[in-house]
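This is the structure I have questions about; it appears just below.
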Amino acid sequence: MLNENYLLVLFLFPFFSTLIVALSRHRAAAWVSVAMAFAFFVLTLIGFQVHELRYSATWFGNLKYGLYLDSYSYFLILLSAFLTLISLFYSVRVIKEKVAAYHALFHALQATVVGSLLCDDLVFFYIFWEAMLIPMYFIIGIWGGPRRKYATLKFFLFTFAGSLLMLIGLITTYVIYFQQTGTWSASFQTLRDYFHMNPMNFEIQKWIFLSFVLSFAIKIPLFPFHTWLPDAHVEAPTAGSVILAGVLLKMGTYGLMRFAIPLFHESAEYFAGALCFLSVVGIILGALVAWRQTDIKKLIAYSSVSHLGFITLGIFMMTEAGWNGAYLQMLNHGLSTGALFLLVGFLYDQTHTRDIQAYGGLAKSLPWFALVTVIIALSSIALPGTNGFVGEFLILLGSFQSKVASNGWVILAGVGVILGAVYMLHLVQKLLYGKSHSEKLKDFGWREWVFYVPLVILVFAIGIFPEWILGPVREKTTAMFNLFSTFAAR
Amino acid sequence: MNVSIAHLLFLSFGVFCIGGAGFLMRRNALSLLICLELMLSAVNIAFVSFSRLHQNESGNLLYFLVITVAACESAVGLALILNFFRLKKNIRLDEATTLKG
Amino acid sequence: MADLKLLAALCVLIPLVGSTLWFWLGARFGEKVVSIGAVTFLVASFLCMLGMFFGVHEAARVDFFEWIRISSNASVHFSFLLDPLSLTLGLIVTGVGSLIHVYATGYMKGDPSFGRFFSYLNLFIFSMLMLVLSDSLVGLFLGWEGVGLCSYLLISFWFSEEANAIAGKKAFVVNRIGDFGFLIAIFALFQVFGTVSIPDILSAIHLGNLTADQMFWSKIACFGLILGASGKSAQIPLHIWLPDAMAGPTPVSALIHAATMVTAGVYLICRLQPLFLLNGGSLEIIAYMGGLTALFAASVAIFQNDIKKVLAYSTISQLGYMFLAVGLGAPVAAYFHLMTHAFFKALLFLGAGSVIHGLHHEQNMHKMGGLRKQMPITFWAMTVGVLAIAGIPPLSGFVSKDEILHTVSTSGRTALSVMAFLTAFMTAFYMGRLWVLTFFGKFRGHHEADESPLSMTFVLVTLAILSALGGLLNWPELWGGHELLNEFLSSVVVQKKIEISSEAFHHSLLLAGFSSLLGLAGLGLAWLRYRNFSGKEFEAPVFNLFKKKYYIDELYDIAIVRNLKQIGWILWKGVDGLCIDGFLNGLGTGTTRLANRLRGMQTGLAQQYAVWVWIGFLLLLFGAWTVR
Amino acid sequence: MFERLLVDSQMALPILGWAILAILVLMIKICTRGVWLPLFATVIGLIGLIFYSATHLNSGAQDLFHGALKMDSSFYLFNLIGLGIHLAVVLMLIPGLERTSKIFKVSYEQFPELLICLLFSGFGLSVLIAASDLSTLFLGLETLSIGVYCLCGFYRTEIRSTESAFKYLMIGAFSTVLFLYGLAFVYGATGATNYSQIQSIIEQSHLAHQPLLMIAVAFLIAAFAFKLAFVPFHLYVPDVYEGAPTPITAYLATVIKVGVIAAAFKVFWGFFGSLADYWEPFWMTLCVLSILLGNILALQQKTLKKLLAYSSISHSGFLGLAMVLTHPGVGTTYPLMAYLVVYSAVTLGLFSSISFLENREQVFLVEDLKGLGQKRFWTALFIGIFILALAGLPPFAGFMIKFWILEALIEQHHIGVAIAAICGSVIGAAYYLRILMLMFMSEEQGSASEWVVLKDRLYVLRLIVFLAAILSLVGGMRPQLYADWILSALALK
């Protein structure tokens, strides 16, 4: 079986590929990068059977350099590897200038994402979490659209402000640990076990929890911290949008599930009502605003706000089924929104406009494009049989049984299900149906099929046989909730 | 007349104020240097009078050091004033605003 | 059992495979292959269904695999429940489906998206079978949403017309509102019973002993289900999508929007009847909803000129009858009407389709007339259909409707009885109007009509025979028949038996006589009014209300859609743009402005800097003084 | 008596070495006419001193000259940092030699004078660091300052350089008076000039609330705040930085901070240690003000060096915090030390990169950086790294040092200050990002990518830049290395 060195390889590989890509010659860079991304994807796949792996070494003084892989982190790494692979493959044809830098930045982004997913140590996590901003900042800033400066500044400052506040909370946590035990540790496992046995003063815990949540909420983004997202998406290059929506946003929800709530689940229960309210507002606001957009990318961005609202609802409602659903929905949203951005990119590359009014009747001229769009849209509106349904169903079903907040929120979120259909079908109708006035477009070639086929297969594979993901995830969730319940019992 | 430490400190403070006001109000660089000297003298008065108060020589020692350093500073200052004059044809400090904003 | 599993799997998978096949290769295969293939597939599916129908005694569960594990002790399976209720509807779906496939091969000839059409149609059959056969609520929901999707795809089948696309969207969204109710119901039921498997839920209900809390949630579930059912079956207040759905090709209207999909609501309520019996009030709601819908839709149908619209409102109205029956505790009657309705409404739609096809896509009845000469087969088949729906004995419609009317009249609810009888009369009237306007009088159109091809007329004739004889399936025992359906379904649903007595016999005869009289009167009135139709309809301000469908579409548009759009705009520009971004940008510009102002301190005057040093020092001194 | 003096002089070699070296270079300059010999002498001498200091890191604390100077492990460390900075600045001066002297008509031969000034102010620095008597404190500070005044005005023919030195001197002297008054009151209150005596007198005689001492503290805070450029004592800094030659700006931004913070550390935690409750809030308020206002003011700066000046003001704020937090009882010194090392490295690297590009005939505007990423990728890349390090983003060392300070702040329950510091960082990120944006995200070309001033011996600059980049990267990724070194140097581990 795989041993802990696998973790180290997994952790270091993206750094290595960043270096390789950065140093490769202009012409070859793109393909080298795709090959490296593919290699990483394969490397990630190898770990499929892994349930739990640990690796630890001293990094600096108080801080353990702990790597930790479990199903929560594993599937997100897989998602990241997969999306990076396809978005880089997609970019080969699209990006023609500063190729090596572009690809290297994506690999660097991958490295930071994998780093923050793998780490067990809070500080270590935080470092990667912050560092994640830099490659994304450059990706949007250099290869982005006309208003990229405003968008990147907003994106960066928003996220930076939030995460710095989290830094304070994070330091406070482990300083409290130090003051109570006399030993230094920022290891998540240690801290969780300790605070599980010796609960922190609730007044302090509340504030620390809020600082964590604020940071994650900005990344997710939860209403009312979501306004950077549409701007960033609109300006980002297609591949950037894919990764931003598919991977980076998930880091926020992952942070909640991995760090904020396990450490401070009392506060999580205390604030559940308010946070669920924000989630529901996000769901409905995202959907309604998405409906009114004329810029396709903005529409999808707002749809992300809505979808992420479902995920956070599932998380804050604190039920097992809700968590499993939320986790699955993270992956689903990554796939479907990633695919949607790729589809928009496909159109944009040919017409250079994202105005929804400029399109129409594409189902006639681009039948295959239309097919994939409809399938992905259906996955996005959570039609049963597609992946979206399983996640959303579990979220809502789980949340409905929640004890921490009223299930009236679920009913309101259900309204979001209706509105989801409204804006998504609005998009489909405007793009695909109606009079055709864009005859000259080319339909999919082999390059497109290379990644749409796996995407579509995944949509149904997760929709009909979700157990290959849900199984391992459930184990993890059950263990975590057992911990919570023993706490509550005491 | 019995000169108490308070009297001396008032004197020092008075000289200091005169020097300070001069420093803030005069424009001519040379006057400024003179005002600086005045302020340093005020400091020296303080040192010396404290030395007298405490009946030890440390204050007097510092007094000599201050005088020396003040001389060095004035030397460098005069050199710079000279150079400034060479470039600007005046030695007014309020003319030195190339670097504002 | 293994055979059953195989049969069930085949039955469902064949259409699914067909669907992908025709979509992928429709263009390459050509119309002939696709039409033969699609029909063969469906017939194969029908045969499988038949095999199961005869293979199953009582009920059987077929489990395929675990779909979603909810928690350690609850999960959703892909599994089928084969019992009389599901198998009967399954037979109707595949049987009528096959017939309509045959019909569609003729109807759709020459359409550029021939393959796509059959792909969607096959997909629909798959989804419908999932809906009907599923053992769990979630599986049922899969079919439930699946049929909604297919309905959407097929309504907007000719998508180049913006209106079709919008109609499809409307159908999907309105259905989604219903689905939302369904979803909530699933959650609530899971809350109560900890399972989503239908038989488990039902057996738990039979065991009884529900706490007050559980009762509350089961009530919520009932409301959710009613919302769901009303969405799918186009009952007030969610009926608005069905008339618009007529934008799709006519075979679609026949199959989905008349015979099968729209009856899913009735099926659902029958399926979970014990749950509704637990909450009597909800059945009352269903009954009144059905009655009201029946009357309302019939009144609108009278004033429609589009032949398909008339049939659409007629469908809504007939579905209202079914709901009425279910609500009054007569699910078998409802189910019976569901079956006969499937036959005669499919027949009517296909007949209308034949007319439309013959007239090159003319749907306005004012532009028809005197077609009985040109299209004799269609005419005779339609006649059977019209008579059946008007309730003329002994056609199937008469028998099934009579059962419902009997239930209503004995229920002791006067308002509902009046509604039901009024609807019966109006039904006869508008069907008569349709019949007369289409087949009698002078021809008022532009195109010469021809009889439709054999593939279509064959189906018409078959359906006509079924519509005529369908009543035998449940011919009341009072009249010396044998209530086959009732016996068959009695293991699944509960319906009060009508006692056999001479009094009851008299009562029923009286009722039958009255209802057939009503039917004849309606038809006769229509004949008199429209025999020499000259383009003049009833004109009165009051009738505008009916013509405009009670302005419900407009009401929804103003009250909901526009408001939501407005809110969306406010949220976008107001909340996001003005408040949040405004705040953030304000923070940004505020800081910059502050920076600019403070930059003014940088005057370049060294003495000013010294003043600041001095001020700083004085502040420190002052601070030191106060702290002391 | 005399023997004691000799022994002490021997022991004080790390301090006296500066002066000896300076005098040596002065001799060489007098005797020979070339530039290279003094230069080599300086470089070799500095390297020698570095080696000497490095090998004596753990030699324990010694009182010299009757307690006028005190050399302990922190002295060696500060001194080492000072030496390193001096070496880097000397090297930075090399490439522009011929070229700049042509532009400013400063005779080529005068270059050794610059070196001598540098070395003498270095001597002042080491005295300042080692001072444990009010007299040495004053002497060290003044020696350092007077040297720096001369350095600032080195381009005698250029008005900006002269003006910067002129102003610096004037206002610097003004602050000296404040400083001296402070010393006078300390002396007046306690009657002693030696740190340890003062400390014990304050502690024993409960002088805590004596007005004289209060006034002294106010004077001293103001004076140190002036030298460290805390808001509102900061106004001279942008002007001086702008006018001074770029390597000297780097020198100003680093050396002064090292010396003054070391002295302040000894003054405030030394004899004012028992008054901590009293002066801490003032000091912290000033730090927070500098962090916030420094960053805010930097937002709208047009010229690059002024922007960096404000950035250095905000960093002084952090440094001040680090000083407060290095509470002898609670904290450890390494946040402070690490901050100095990293900040100096990054600043030197950044200014070296700038002196690559700079054309002194024009003012270097921030806008000039436009499109640098296209034209001169590597320079831009390195500037980018330094900027990100200054902004305090991981994985660069700039993050670690901020992290340590925040950690210490929270440990000592200054959450409010931590939040304010973070707000400052966020505001700061805005202008750092603006630089990155201009370099990498603009299509137009600014003049920085056109200027080619320095042509000869660029390898020296490259070396500094590269080393600084390595330091700031390694420090962020493996802070273990720093921490171990610092901890062992301070004999804390």
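Per-chain residue numbering starts at 1, and chain names A, B, C and D are given in the order in which the chains are listed.
We adopt the following convention: a residue touches a chain if its C-beta (ideal position, glycine included) is under 8 Å from a C-beta of that chain, and two chains touch if they have at least 3 such contacts.
Remember, it's a predicted structure, so these values are computed and weren't measured experimentally.
If each chain is reduced to the average of its C-alpha atoms, the one that sits nearest the average of all protein C-alpha atoms is A. The distance from the centre of chain A to the centre of chain D, each centre being the mean of the chain's C-alpha atoms, comes to 43 Å. With centres taken as mean Cα positions, chain D sits 79 Å from chain C.
Measuring from the averaged C-alpha position of chain A to that of chain C gives a distance of 37 Å. Centre-to-centre separation between chain A and chain B, using Cα means, comes to 65 Å. Shown for chain D are the residues that touch two or more other chains, namely 166-167, 170, 174, 238-239, 430. Those residues of chain B in touch with two or more other chains are numbered 20, 23, 93, 96, 98-101. Pairs of chains meeting the touch criterion: A-C, A-D, B-C, B-D, C-D.
On the chain C side of its complex with chain A, the touching residues are 23, 65-72, 78, 138, 141-142, 144-146, 149, 152, 156, 159-160, 162, 164-166, 168-169, 172-173, 176-177, 179-180, 183-184, 186-188, 190-191, 564-565, 567-569, 571-572, 575-576, 579-581, 584. Residues of chain D that touch chain B in their complex: 134-135, 138-139, 142, 146, 149-150, 153, 156-157, 159-160, 162-167, 169-170, 173-174, 176-177, 180-181, 183-185, 187-188, 191-193, 238-239, 242-243, 302.
Taken together, the chain B residues at the contact with chain C in this complex read 20, 23-25, 27, 93-94, 96-101. Listed in rising order, the residues of chain C touching chain D in the complex are 588, 591-592, 594-596, 598-599, 601-602, 604, 606, 608-610, 612-613, 615-617, 620-621, 623-625, 627-628.
Of all residues in chain A, those touching chain C in their complex are 154, 158, 224, 226-227, 285, 288-289, 291-293, 320-321, 361, 363-364, 371, 378, 383-385, 389-390, 393-394, 396-398, 400-401, 407, 410-411, 414-415, 417-419, 421-422, 425-426, 429, 432-436, 464-467, 470-471, 474, 478.
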